[in-house]
Amino acid sequence: MVNLANPTLLVVIPLFFAFLSIIISPFLKKLIKFVPLIVSALNLVVIYFIGVKVLYGSIVLGTTAGLNPPYVIILAVDKLNFIIVLMVNVLGFLISFYNIFYMKEEPTDKFHILFTLLIMASSWISITGDLFNVFVAFEVLSLSSFGLVGYMRSKDSIEAGFKYVVQGILAGSLLLIGVVLIYAQTGTLNMAHIATKLDYVGSLEKLVPYVLIFFGLAVEGALFPLNSWLPDAHPAAPSGISAMLSGIVTTTAIYAIIRVTVTVFNYSAFIPYLFIIALLTLFFGEIAAFFQKDLKRMLAYSTIGQTGLFVLAFSVGTQASISASVAQMVNHSFSKAVLFLVAGIMIEAQGSRNIDDLKGFGRVNILTSILFVFAALSLIGVPPFFGFFTKLAILQTLLDFPGFLGYLSFALVLFAAIIEGVYFYRVFKILFEKSDKNFQAENPWLVISPFILVLILVILSSRPMSVLNFTNDIANQLIQRTIYLTSVLGGLK
Amino acid sequence: MGINVIIGYTLMFIGAFFFLLSAIGLLRLPDLYTRMQAATKSTTLGAISSIIGIGLMKEDILIKSIILATFIILTAPISGSALIRAGYKVKSPMTDKTVVDKFKEKEGE
Amino acid sequence: MIRKIVYGVFILIIIAAIAIFMSNYKFGVDKMDVGKYYLDNTVPQTGAANVVTSVTLFYRGFDTLGEVTVLFTAALGVAVLYFMGENKRKQKLQESNFVTKIGTRVVFPFILLTGAYIFMHGHLTPGGGFQGGALIATGFLLLYLAYEETSIDRKKFYLVEGLGGLTYVIIGLLGFFMKGSFLANVLPNGTLFDLLSGGIMLPIYIGVGLKVGSELSNIIDDLMCEVKCEEAGGEE
Amino acid sequence: MIFYISALLIIGIGIYALIIKKNLIKIIIGLDLIETGINLLIVSIGYVNGKTAPIFSKDVMNASLMVDPVPQALTLTSIVIGASELALAAAFVVLLYRKYGTLDIRKIRSLRW
Amino acid sequence: MNIYILIFSYLLLVLTIILSILAIHVKDLLAAVIFMGGGSLLVSLVFLLLQAPDVAMSEAAIGAALTMAIYIVAVKKTEREDNDD
């Protein structure tokens, strides 16, 4: 049996099914809504085979064109991007299950093909080991999410979509210039090969390409100066897509930033600026979320806040802080996806996205509201839930950030947690108030995906220590970048 | 100096001369329609003669240059007439010296 | 207004920084590292004469696979955005003149022939799948300009588009199953300079050429339909 | 050196148009200029003085006399990506005009940046 | 790159920059799009001088022809006059 533990399959299987479904789309229109489901299931099988190898500490490589790495594109999966790819496909599987019953608007077959491409692009960005490949995968990701954000063709979704398109194209151009400048500097495009060459270059000289790549990826990763498109784009998309965008796409963009900062550039000089940017993102995200009346916009702003949180944790730079930030990344993806999926059910049940119209929704559809409460509590970090342990770990690591900034950030994170608590509590109160408005019962099929996600969260909450140990190994493997470099380049210096 | 090289150079010279003529035509002719006529003349005659000239001078690209020349013969006049017709539709001004307007007569009946 | 000045200054800083950065990488200086490897053993390893095609298709074939997906996503995106449901009604367009009609009938086969020539000889002469496909799409554009009642049969174009993409993926998978790594060269390299050289490049570029041609024609068909048929019924 | 300067100039013009111009089509033209500028930058990075195009033919067989093929391969990808991005952006512009009836950003509420 | 090609490429580049500035400043949108197309055609000529024939063909076929067609359709569907500030 050909060894299935080859990461290239993670990209090829979705592509194969996408091209197949464009052929059969005029004839068997109904079958296409199952394509994303099949694709993410097959991806999960391949990820299982890869996972068996990765958990033993070896880095799984997928070469193309049968030659050795620096001359050919290579996909490398170590512990960190194994977790990201696993999350992408688990969430992809559950959200595509949700989409089958949620999507009614007209060209549903094209919607599902675009969604398959979105899953493919997110898993592609997280496993590629070639810098120009990151740009190409980033383009596939942004193009498929442009199409999906503008899918409803309503007034505000097109407006938000255009804003997202312009900033997305600008981000792609910045990323491309950065990659090209690195090519001018080092002459190669393979991440590991660039890393070995960049070690001999002074930190000031590699500042320009790094800043360009950072801001190119930061637009998609919702960091402070460039995320004005996110609060409009995520709510305007259909709920399954906003769950995917907030849960996964921002996380893969942040992962790409982490991979570029640690492995390729080995850049400790830039960390303080990253700290300040993350602090600003956290602060503005949470404050804005507090004043929102529209449920999905509130969740979008809280995504910005949470992204700021785990980038803040990463930018402390110690191994404990990186493990805490990865744990928080996992917690945020799962709980934010549940929140958006449940928000989709609520909005479908009563039509408008305004929070106040949800009065008494909880009394009618008890299960959905309980899922909403569970996910929100885990996001905030209330004790019995997984979120509490990750936030605790982050707060511990923030203390040993030198000087005044450490205490300021500690206070800010606590303050942000309180704000989150307040605006989520406000939604709970409205949900469970007595009101005469009768809502139609929620479609039971839609509840299955958020239910499974909350189950995953509960499992994570039951054994938080083992999860934090695993994220500790991830951080350990990430910090010692020589493991990545030698295994990818096969010792070729 | 083979015979084909001499013919090649003369053809290229003729081509260059046609380009010069049409450049002057573009400057001096009064309105869109006459100027357009000068422009299409340069693309067709000038380009074809210089390409055939180069083809004659180097044997192995002779076939390609002939194919290229036929392509230009096919496309240049069509685009010229389409442009002029569009110009007419947009009512671009005709000079006072125009004697006959066949298009209006055809359009008129 | 202030925000615009901030953005303006921010962008100017980036341009100045790039200029300074480029100053120590002079123009025309040989910066090749991986490029030298490709130049030296393109002919032995892939048997193609055009090094750029061998880099895009063979050494960095995964990039081009991504690029084909980008075009595929864009075509889908445009189709989704311009989707008007079934209630379309054709709008009467200007009658295009006689010369263009006859000219198109003469030139259209030539354009398709040249497009096919370009993507068939991708590995020998400059050009390849994308340029050939774009040329074929301009041929269909010409058809739309000349005859306003033209409307291509979307089913067939989706079929060609899917098949083109599938040839690329299947050849890659063949490489994976037979040689262990995706897009490995499974076909014989053949002798330099003749049509059947270049191993897997010829079939891939035929697939990509047909795919790009049909995809861009789909985009043009959406655009032309945008122009020709107003959406029936009022706007919401 | 002129190629680098002009490439950066074109990118600058594109970004200037993006920021200053109010009209949607002008913004799209600005984005297209940025893409063209980047493509020019990439190809001019790969150029080596006094060398020929990287295509083997009967009279050009010496590989050491060839320009760097990798930037040309990257530009091929970047041109197609730029074209497909802008096709999508043009589609959005047409839809915006159909919904709002104007091409001016100031009239479309949330687009004012 | 001998002198004549260098001078010719200087000319082409200056022309491209002029065309791009015109594409931004001219009021009539259709003229702006045509300037844009002309500019990208000249850039494809510059690619030829930079010894990149593949890229020149691709820029001409995709950049000049199809992108311009898409923009012209976009301008035809919206309004032609740019009533700017």
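Each chain carries a letter (A, B, C, D and E) given by its place in the written order, and its residues are counted from 1.
Please note the rule applied: contacts are C-beta pairs under 8 Å (C-beta built on N, C-alpha and C of every residue); 3 or more make two chains touch, one makes a residue touch a chain.
Please read all numbers here as calculations on a predicted model, not as lab measurements.
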{"item": "Minimal step count in the chain contact network, chain A to chain E", "value": "2"}
Touching groups left behind when chain C is ignored (all other chains fixed): A, D, E | B
{"item": "B-C or D-E, whichever has more C-beta pairs in contact", "value": "D-E"}
{"item": "Length of the line joining the C-alpha centres of chain A and chain C, rounded to whole Å", "value": "30"}
{"item": "Between chain A and chain B, centroid-to-centroid distance (C-alpha), Å", "value": "59"}
{"item": "Distance from chain E to chain C - Cα centre to Cα centre, in angstrom", "value": "19"}
{"item": "Distance between the centres, which are taken as Cα means, of chain D and chain C, whole angstrom", "value": "16"}
{"item": "Shared interface positions of chain C, touching two or more other chains", "value": "18, 22, 25, 28, 31-32, 34-35, 38, 50, 52, 60, 63, 66-67, 70, 73-74, 77, 81, 126, 128, 130, 219, 226"}
{"item": "For chain D, residues that touch 2 or more chains besides their own", "value": "2-3, 11, 16, 24, 44-47, 49, 53-55, 70, 72, 74, 76-77, 79-81, 84-88, 92-95, 98-99, 113"}
{"item": "In chain B, residues with contacts to at least two other chains", "value": "none"}
{"item": "Set of all touching chain pairs, with the criterion as stated earlier", "value": "A-C, A-D, B-C, C-D, C-E, D-E"}
{"item": "Chain E - residues contacting chain C, complex", "value": "1, 52-54, 56-58, 61-62, 65-66, 69-70, 73, 76-77"}
{"item": "Complex contact set, residues of chain C against chain E", "value": "28, 50, 52-53, 118, 126-128, 130-131, 134-135, 137-138, 141, 216, 219-220, 223-224, 226-227"}
{"item": "Residue ranges of chain B in contact with chain C within the complex", "value": "71, 74-75, 77-78, 81-82, 85, 89"}
{"item": "Chain C contact footprint on chain D (complex, rising order)", "value": "1-5, 8, 11-12, 15-16, 19-20, 44-49, 53-58, 63-64, 66, 68-70, 72-74, 76-77, 79-81, 84-85, 87-88, 91-92, 94-95, 98-99, 113"}
{"item": "Footprint of chain E on chain D - complex, ascending", "value": "2-3, 6, 9-10, 13-14, 16-17, 21-26, 28-30, 32-33, 36, 39-40, 43-44, 46-47, 49-55, 67, 72, 75-76, 79-80, 82-83, 86-87, 90, 93-94, 97-98, 103-104"}
